[in-house]
């Protein structure tokens, strides 16, 4: 009996060793590297567990339904975060719908529809944009865009879904452009050669051959852009108005989940206000996790079906 | 001759000591102290706290005082949990908070009012409490309905941790509803910036924060000034409190004594509040 | 009709480019126009004499210096925490790991990369709450916590760039180590890491740039508006991006607003330099690979 258990344990250990690739001649340095890898893999799980741990009291006290109600009025005892969820979704979708066409257009410009030198300059500008901090986007938007919207459309204070969506779309355009660009860079030269020998014009080649071939990055850019838009805090905090309501029109003031966390943090630490924070964190984490899983699925589906040259 | 000079010299020294001595008095307790102290909470208190901290730290560089905002709710919670030494609140500690943190000690140091503010170029001169309640509830939506120019009323309100908001809600709005489409700003300073930049804005702010960039209309025909707050004709008032957990340590006690003293009283008045002592 | 749709497509493409370029140009012009005039010693040091401020003898009021020092310290600390972990994990994934292990670790690291920064800050905050309830009742938000959360934020960048840099070393270069009789550790230290050093270093610079600009994480874990120079790693601190946010929301007069513009300009320069450096290193690395 004991020998059976022993052999079983040994088998499992061997399987673990091959999985983790521990060799017989592992030195202390190799063990350190392994620890680093295991830590990096596990830390995201620890993060999620901590967030869940703090939302647990909600479920234990049976207040979960309260959290998913439609009004955030703490003074009247209502702690619903649904308006914030709707705000985040609306913001992300709006900014994606602005940024995606622009990003795709810029990518096509870089890959042939515009002069080559100009294309390189635009690519440089895009690379530079990845380095601009979001707080500066929010800062400029609060002082330039919001007064402009307020005066141009006499519909509200200017702090609105529209202002935040416009600013956020500027933020996520580089993400979209660089992702599509990286795949186009890989597949475009071969396709371009073939198309030229067949006499197909540039614009036809791009739209009928290259883009369909790059469909992975087209989907992935949308998904990644969405994830980035959902996760941004400062633009929503500085420019969207932070009213806890469901957005009716583009000029309504809204509050995103991320801005909600930033606004409400460190208030009463035992009440539902607090648990709403961690619930918001859990929702955000699950959203971005789903974004990642979708990206992985896409990669698995598209990359295996593309013929490698 | 010698005796005359001597007595003159002595009297000059005596006079100098009186003046110099009374000036140095307020800050001398800090000469023998050192260490760190942290303050957090109400944003209405910030100007006074920052002034006091700066004077003390310039006097004795071995003392470090950090001042943060966050709102009255944050102040009480942080001092109750022992995260800061002094938690500022713009409202008295609530029963719920006392039940949770039973050893909080409150030190009121100033009287402040909360006033409705609008953009300086808004022609409105007076607002009644019913009008204010209707505006903030979202029932009156255009300045024209109140006799002003045509424009949507943009409401600005404060976050949940705010003591200013709690006082305003209780005493001016009579615990009424605040419209859901109100923009939320996180502090008195932010409220002032928001109102001063939006011609159709309405909000509320601590009276001490009012300067030329915002305008406070008469409330039920009473001017929102600190004098009226003290004599009772302006009712939306509150005291500014410093709260500590239990009896304060020597450094914290010295700080509290300084804020309650005369030198700080001039600073409090300069920032637009009314000192309590 | 064919010409019609082509014209529409071309105009869409050109419009997108023009829109983006004008927006970016507008941003930069605004920051430079409003910020550059404010950049002088007074912006950094206020009324305090420069040398005593730098040496920490005199405290600086209402100026940038404490925020600069705070940002610098927090990113250096975060880099110290993240670089060994990130580079180590990247090396392991590139050199040792079996494909299933690599897949799982990569998936988790991508999850970490996708986590919003405010959730990272919330995690740090919840860590403090947990510690206060259990082992460490004195725990408080501080520089150390911010640096730790920033380290988590930048870990994925380090892992991915190290892994990519190592995987892209040419085969004939890899063979040099074993051909000389090196064991695995020696090959790594003397052949592979030097070959990948530009890419790894580029990744480090990118990660540092990302840490310098982030506001949401530090907002929840220890940065406040007025802290002076940080006194040790367990105290509060100031930071450049938070200063911009705070002044933008709550400036009391035009001077403070000008200070905010100046801070924005300084931050843009700092982060711009870091990202340009990372980009340049990346480009040199690419040039080296494509030569083989």
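Chains: A, B and C, in written order; residue numbering restarts at 1 for each.
To be clear about the criterion, a contact is a pair of C-beta atoms (placed from the backbone, for glycine too) under 8 Å apart; a residue touches a chain by one contact, two chains touch by 3 or more.
Just so it is clear, the structure is predicted and the values come from calculations on it, not from any experiment.
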item: Category of the chain touch graph - line, ring, star, complete, other; value: complete
item: Most distant chain from chain C by Cα centroid; value: B
item: Most contacted chain pair (by C-beta pair count); value: A-C
item: Chain centre separation (chain A, chain C; CA means) in Å; value: 18
item: For chain A paired with chain B, centre-to-centre distance based on mean C-alpha positions, whole Å; value: 41
item: Intercentroid distance (Cα basis), chain C paired with chain B, Å; value: 37
item: Interface hub residues of chain C, defined as touching at least two other chains; value: 249
item: Shared-contact residues (touching 2 or more other chains) in chain B; value: 81, 185-186
item: Sites on chain A at which at least two other chains make contact; value: 266, 269
item: Of chain A, residues touching chain B in the complex; value: 71, 73-76, 83, 147, 150, 154-159, 241-245, 252-253, 255, 263-264, 266-270, 273
item: Residues of chain C touching chain A in the complex; value: 6, 9-10, 12-17, 19-21, 23-24, 26-27, 30-31, 84-86, 88-89, 91-93, 96-98, 100-101, 104-105, 107-112, 114-120, 122-123, 125-127, 129-130, 152, 155, 159, 183-185, 209, 213-216, 219-220, 241, 244-245, 248-249, 260, 264, 267-268, 271-272, 274-276, 279
item: Complex interface listing, chain C residues touching chain B; value: 57-59, 61, 132, 137, 140, 224-228, 231, 235-236, 249-252
item: Contact footprint of chain C on chain B as seen in their complex; value: 36, 38, 50, 54, 57-58, 61, 64, 66-69, 81-83, 185-187, 189-190, 192-193
item: Residues of chain B defined as touching chain A within the complex; value: 70-71, 73-74, 77-78, 81, 100, 151-152, 154, 156, 159-161, 169, 175, 177, 180-186, 197-198, 200-201
